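Shared between the two complexes below is chain A, which pairs with chain B and chain C, respectively.
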Partner chain A sequence: MIDWILLAELGVNGIFIGMMYSLISLGLVLIYKTSGIVNLAQGAIAMTAGYVAWALATVSGLPVLVVAPIAMAVMFGFGLMIERIALRRMIGHPVLMTIMLTLGLEIFLRGLLPGVFGAAVKRLDLGIPQAPLFVGELLLNRATLTGGVIALVLLLASIWFFGSRQGVVMRAVADDQTASWSVGIRVERAIAIAWGMSAMAATAAGILWGATQGVDWSLSLLLIKGLAIAILGGLDSIRGVLFAGVIVGVAESLATGLLDPIVGGGTRDVIASVIILGTLLLKPHGLFGEAHIERV
Partner chain B sequence: MKMTRRTFVASAAAGIAAPTICTTGAFAQEKVVRISAPQDFTRIYTFVTSEYSQGQRDYFTLINERGGVGGYKLVIDVSDHANDLPRAIEAYERGKREGAVAIDPLSTPVARALVPRALEDKINLITAYSGRSDAADGSVFPYVLPLSINYWSQAGLIVEQFKRIEKGSLQGKKLAFVHIDTPFGKEPLPILEVLAKREGFTLNAFPYTPPGNDQSAIWPQVRRARPDFTVFWGAAVGQTVALSEAIRNGLPMDRVSSSVWLSESDMDVVGRAAAKGVMKIEPCVGGREPKIIKDILAEVVGKGKGAGPEAKVGTGYYNYGVQMASLIAEGVRMAAQKAPNGPVTGPWLNAGLTAIKNFTAEGLLPPTTITPDDHQGGGMGRVAQWDGNKFVPITDWFTANQDVVWDEIRKYSAEFKKSGK
Partner chain C sequence: MFYRRSGIRHTRYQSERQLFPLGFDRFLILSVLAVLLAAPFLFDRLYVTGYLLPWLIWSSAALGLNLLMGGAGQVHLGYGAVMAMGAYGSVHLMRFGAPLELAMIAGGLISASVGIIFGAAALRVKGIYLAMATLAMQSIVDFVISQTPAISGGALATLQAPPARFLGISLSGERETYYFALLVCAVITLFMLNVRRTSFGRALAAIREKDYAAEILGISTLRYKLMAFWVSSFIGGVVGSVLAICYLRAVSPDQFHLDLSIQILAMVIVGGLGSVLGPFFGAALVLFAPILINNALGSAFSTFGMTVPIDLRAHLPLVAYGALVIGFLLYEPYGLAKIYSNVRTYLLVWPFRHAQR
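And then the complex of A and B:
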C-alpha cells in the first residue's frame, strides 16, 4: 500500500534539497554564461568555502551566521584569484584544456583542504534547531527547509542581478566576447567577476550543506548534482537552474522512497547520472538553455 | 611549483613516516619486533586513523621507554596507503622485506586483499574492527587476527541490549537497520536476519548510498516504518549524517544504537546535547581513567614524546589504538616467554598472540583470550550511552548470541577454505 504521507514528505523535502543543490549549479552557470567553460572545480570550491567558514568561526569564536559574509568575501577573492592566476593564462588554448585545468584544481583542493584542516568531519552550526517540525503528519526537515529558502532567495537575487547594469554587461560578454571588446566592455573583468560570484554561490552551498552534513571532503561530491541540474536546466540559464533543481531534488527523493525498496537501494545517485545522460541525448541545451547557431 | 594531489599525499605520507624512520635508526642495534602499519590517513578511514595510530604509537613509546617487552623493543613503521590496494600491497611487501612480523592496515578492502599473502608469508595480519568477520576462525585463517569483536558479534550485542530493554523479549518488535550500501554496511545482515527469526522481531533494512552525506530521503522512511529500535551502521560522514537525521526525524535516542564506529568527535558534529541517549558498542574502556592511559599521559605525553595532540588522548578511537598495541605487546611478551631468543618471525609472534589469556591491559579491555581457533578473543564488549558529555557504560562486559555468530563464522570460513573467496 502506498504511504501518501511519506511520498508528500519526500516530495516537499526534495524541493528544498533541490534548491540547495541549485546553488552549485548557479556557480556553474555563471561561469559558463560568461566564459563558455564548465567549471569542474565547483564542488571543491564549495568544500573549500565550508572549511573557510568553519575556520573563521572557530578562530574568531563568532557564530557561523556572522562569519558567513566574511567567508563570502574571502571566497569572492579566491574566485578572482583562480581566474587571474590560472584561467587567464589559458586564453588561446583549447577549451578542453581549460576544463581539464578546473578538474586538476578540483583534485588539488580535495587533497589540500583535508590535509590542512584535518580529515575529520567539522561541525558548522547555523543555529537551526534539530527538533522535528510537524505540519499535521508531515515532517519538515528544518535544516533543509532553511537551506532551501535561503537558496531560493539567492537564486532570485541572481536573476535580478542579471537584469542590472553589471548583469547586462555580463550577458553581453556571454553573447559575444569580441563584440563586447569592440564596444569597450572589459571582458576579462566581467569574467573575473563571474568567477568571484560563482565562488560566492559555492560559499552559500558550502555553508548550507556544511550545516546539514558537516564539513569534510564529501562536500565536493555536490558537483555531480550541480552538473545534473545545470545540464537539465540549460547551462546558460539561471531560471533553468531554479526549475531543474526542484525536478532533480524531487526525482531523487521519490526514487529513494519508491525504487530503493524494490531494487535494494542506491537509486539516488543513479538519478543524477540518468538526468545528465538523458538531457544530453534528448535535449542537449536543456529545458531553458539557448541553442546557439554558428556559421561553419 | 604546481602541487598535485599525488605529490601532496606522498609528502604527507613522508611526513608521517619520517619520525618512524628516525626511531627505527635508534633501535638498529637492539632486539626489535617490527610491526608495519600502513593505514589510511588521507582518504576513507580518515575519521579514525590519526587517533588510532596516535594511540598505538604512544603505547609502543610507553613500552619502549620502560625498556621494551620480553627483552624486545617494538618498532612500528607507519605509512599512508590511502585505502589504495596497489599502495597497500607495496607497503606490505616493503614491510616484509624489512622484517615486519605483523601488519595492521586498518581497512576492510586492504585487509581482505592481503589475506592470501599473509597466509602464504606467515605474517600476522591484524584486522581490528575491519576485514573479514570469519577471520575469527583461526583454524582457517591462522595468520589473520581480528583480536577484537567482529561486526557480527557487535550486532549480536546490540540485539541483546534491545532485548534487555524490552525485559527479555523482542517478540513482535520492529528493528530498522540503516546502513551504508557497501560490503561493510551489509556485513551484519546475516546475523540480524537469523536473530530476527529466532527472537521474533521484524527487520527492515534501509541502505544509503556511500559516503552517506545526504540521507534526507532515507530517514523519513525509517520514521514512517515506526521502528521500536534503530541501528545505524556506517563510518565517517555517514555516521554523523545518520545520527543528525535520526534526531531531525524525532527518533528516540535511547532506542538508537550503532557499532564501535561512533566517537566523541562525531557527537561534536551532531551536537552534544541533541544526541543524548544514543548507544554504541565499546570494545574497550574510553576516556582517561584506565591506568594505561594515565601512564601514557605521565610517561609519554608529559615528557613531550606523544605522537599527536594531547587533547586526543583518551578518545574512543585513541583507546582502540592503545588496545591493539597492548594486545600486540602482550603477544610479544608471550612469544618471548616461549622462545626468548626468537628468531623473530611471523610464526614466533603468532605463537605468542594465540597464547594470550584473560588479558585486560590493566583494566582497559574486557578479559581477552586468543587461541589458535578463536582469533576474536571471546567476543566481549559492552554498551555505552552518550550522556551529553561522554559515553557512559550501561552494561558490564558481556557476550551474546555467540552461537549464531560462530555458525556464520564457520559457514563463511568453510567457504573460504573451499573456494579461496
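And then the complex of A and C:
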C-alpha cells in the first residue's frame, strides 16, 4: 500500500529543497560558462558566506535579514579577490591545474573558518517560525519553502541577467575568449564579475542553508549536491539548473523517505553521487548542455 | 660541482641507459637507502614507527596516484576509496585465513577491478568530468562500505587486522613491519622508475600531452587510459592493505574518507606531478608540516602567555594542506621535485653556469 500523502509531501518538500541546492549550481554554472572551469570551492564559499553573515549579525546585533545584503557585498568582493589573486595567474595553465587550485581553496577555507570561529554549530535565525505549514493534508516546512522561493527568484533573475548588456558580454566570453578580446570586450573583467556573482549566489545558499541546518563545516558538502544538479542540467545551462534542481531535490527527498528505512540511513548523501555518475554514463553533457566538439 | 659530469664518458649503450648515469646520483640513492635500512637501529623507535613508517606508506600511495595523474594526466579525487577497497578486501581475506602475500595481491585486484569500472564510466568524458566522476566514486564507495555490515561489520565498527606473517616472518614487531613497508615502497619505486622507459609509460606520456594526437599516432587512448587506471588502482589497493595491516592494524570506514584522498592528492601536487622523487618530498611535507606548524604556533602563543584554541589546532592540518596546494600551484606547479631538479641542474656545472644546457 503506497502512502500517497507521504509521497506528495516528500515530493513538494523535495522541489523546494532542490531549489535551495540549485543556488550552489547557479554559481558553478556562472563560472563554468565564462571561464570553462568547475569551481570545486563553491560549497566552501557558501560556508564562508554563512560564517560571514553569522559574524556580522553577532557583532552588529542586527537581524540576519538586514545583514544579508552586507554579507552579499562582502562576498562579492571576496569572489573578485579570489579571481584576481589566484585564478588569473593560472591563465594558460592546463584546466586541471586550475581545478586542483579550487580544490586547494576548498580545503583551505574548510579548515580556516571553523578553525578561527570555532567548530561548534552556529545558529543563524532568519525569523521563520518552526511550525510547519498545512496545505490540505500536506505538511510543508516553512524554512525550505521560503528558501526555495527566494532561490527560484534569484535563478529567474539570473536568466533575465543573461539577456542584459553585461549578460551578453559574458555569453560572448563564454563562447570564445579570443574573439571577445578582439572586439574589445574586457574578458578578465567579465570573468571577475562572474566570480563575484557566483560568490553572491553562494552567499544566498550559505545563509538559507545556514538558517535551516546551522552554520558549520558541513555546509561545504553542498558542493556535491550542487555538482549533481549542474551536471544533470548540463554545465553551461541555467535553464538546466532549474529543471535538474527539481529532479535532484525530489529524488533525494524520495530516497530519504522511502529507501532509508530499508538500507538503514545515509542515502541522502549518496543519491547526488549516483546522479553524477549516472549522468556521466548516459548523457555526459546533461539535459540542456551543449556538447563541445574538440578540434585537433 | 657535486653532481660531477666531467670525465664521464659512456662507451656502451647499457651504461648510458642505466637509471642513474651519474655516479653522484647513485651514491646519493645508496646512502639514503642505507640510512633507511639502518634506521630501526639508529633512531628512537618513536621516530621509526611514528614518522618513517607512515612516510613510507603514504609515499607509496602517492606514487600510485602519481602514475595516473602525473603519468597519464587523469585526475583521480577518490584514491582514498581505492585504498579502502584494498584494505577491506585484504583484511577480510586474512580473517578467512588467507596468507598475507595472497591477501595483498587480492586486495590490489579488488581495487583494480572496481576502480576500472569507475574509470570506464568516467572515460567517456574527460578532464573536469573525470574529476567529478571520481569524487562521486569516493562517496559511493564510502556509502557501500559503511552501510554493508558484511564489509565493515556495522556502521561504526572497526575491524581488527589479524596477525600477519610475510614469507614466514611474523609482522607483529615494529622492526619487521617497518622493513615490510620499506620493501613494498622500494618495489613500487623501482616499478615507477622503470615504467617511464617502457612502451606503456611512453604511451601514457603521449596521452597526457594530448590524447587526440596520441590516438593519431596509433595509441589506443581508451585502452591505455584504462590500463593506467588499472595499474594505479592495483597499487592503491596493495598500499591500502599495507596501511591496514602494518600501520592502522584495525580498519574503520572513516579512515578512508575524502580527507585521505585529499591528503594524497596534496602530496602528489606538492611533490611534483609526474616525478618519482616528488611523492617522497610531498609525503614528507604534507605529513609533517601540520605537526611543525602546530608546534611553532604553540610556542608563539605561549610566549604571549596564551594557549592555542582547540578548534584552531584541530583544523590546522586542513589549512596547511590547502595553503600548500594553492601555494605550489601558483608559484611552482611542478612541486618540490622541480625545485630539487633546478638546484641539481645548477650544481651540475657550478661554477661554470654558461655551460648549462
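The definition used in the following text is that the second predicted complex is superposed on the first by the 296 of 296 C-alpha atoms of A that agree within 3 Å, B and C clash if a C-alpha of one lies under 4 Å from a C-alpha of the other, contacts with A are read in each partner's own complex, and residues count from 1 in each chain.
The working rule: a contact is a pair of C-beta atoms (placed from the backbone, for glycine too) under 8 Å apart; a residue touches a chain by one contact, two chains touch by 3 or more.
Since we're looking at a predicted model, the values are computed, not measured.
Once chain A of one complex is fitted onto chain A of the other, the partner contacts of A:M90 are limited to chain C, with no touch recorded for chain B.
In the superposed model, A:L105 lies in contact with chain C only, and not with chain B. Looking at the shared chain after the overlay, A:G266 reaches both chain B and chain C. Applying the stated contact rule after C-alpha superposition, one finds that A:G257 touches chain B and leaves chain C untouched. Shared-chain residue A:A143: touches chain B; no touch with chain C.
Of the two partner chains placed by superposition, A:K33 touches none, neither chain B nor chain C. Contacts of A:V121 after superposition on the shared chain: chain B is touched, whereas chain C is not.
When the shared chain is aligned, chain B comes close enough to touch A:E9, but chain C does not. Looking at chain A, you'll find residues 104, 107-108, 110-112, 114-115, 118-119, 264-266, 269 touch chain B in one structure and chain C in the other. Interface residues of chain A facing chain B in the complex, by the touch rule stated above, are 3, 5-6, 9-10, 13-14, 17, 104, 107-108, 110-112, 114-115, 118-123, 125, 130-132, 139, 141-144, 209, 212-214, 216, 218-219, 221, 252-253, 256-257, 260-261, 264-266, 268-269. Interface residues of chain C facing chain A in the complex, by the touch rule stated above, are 73, 75, 77, 118, 121-122, 124-125, 127-129, 131-133, 135-140, 143, 146-147, 155, 212-213, 216, 262, 265-266, 269, 309, 311-312, 314-326, 329-330, 333. By the touch criterion stated above, chain B contacts chain A in their complex at residues 3-5, 8-9, 12, 41-42, 46-47, 50, 181, 206-209, 211, 213-214, 216-218, 220-221, 223-224, 236-237, 240-241, 244-245, 247-250, 265-266, 268-271, 274. Across the complex, chain A meets chain C through its residues 37-38, 40, 86, 89-90, 93, 95-97, 99-101, 103-112, 114-119, 224, 227, 231, 263-267, 269-270, 272-274, 276-277, 280-281, 284, 294, 296.
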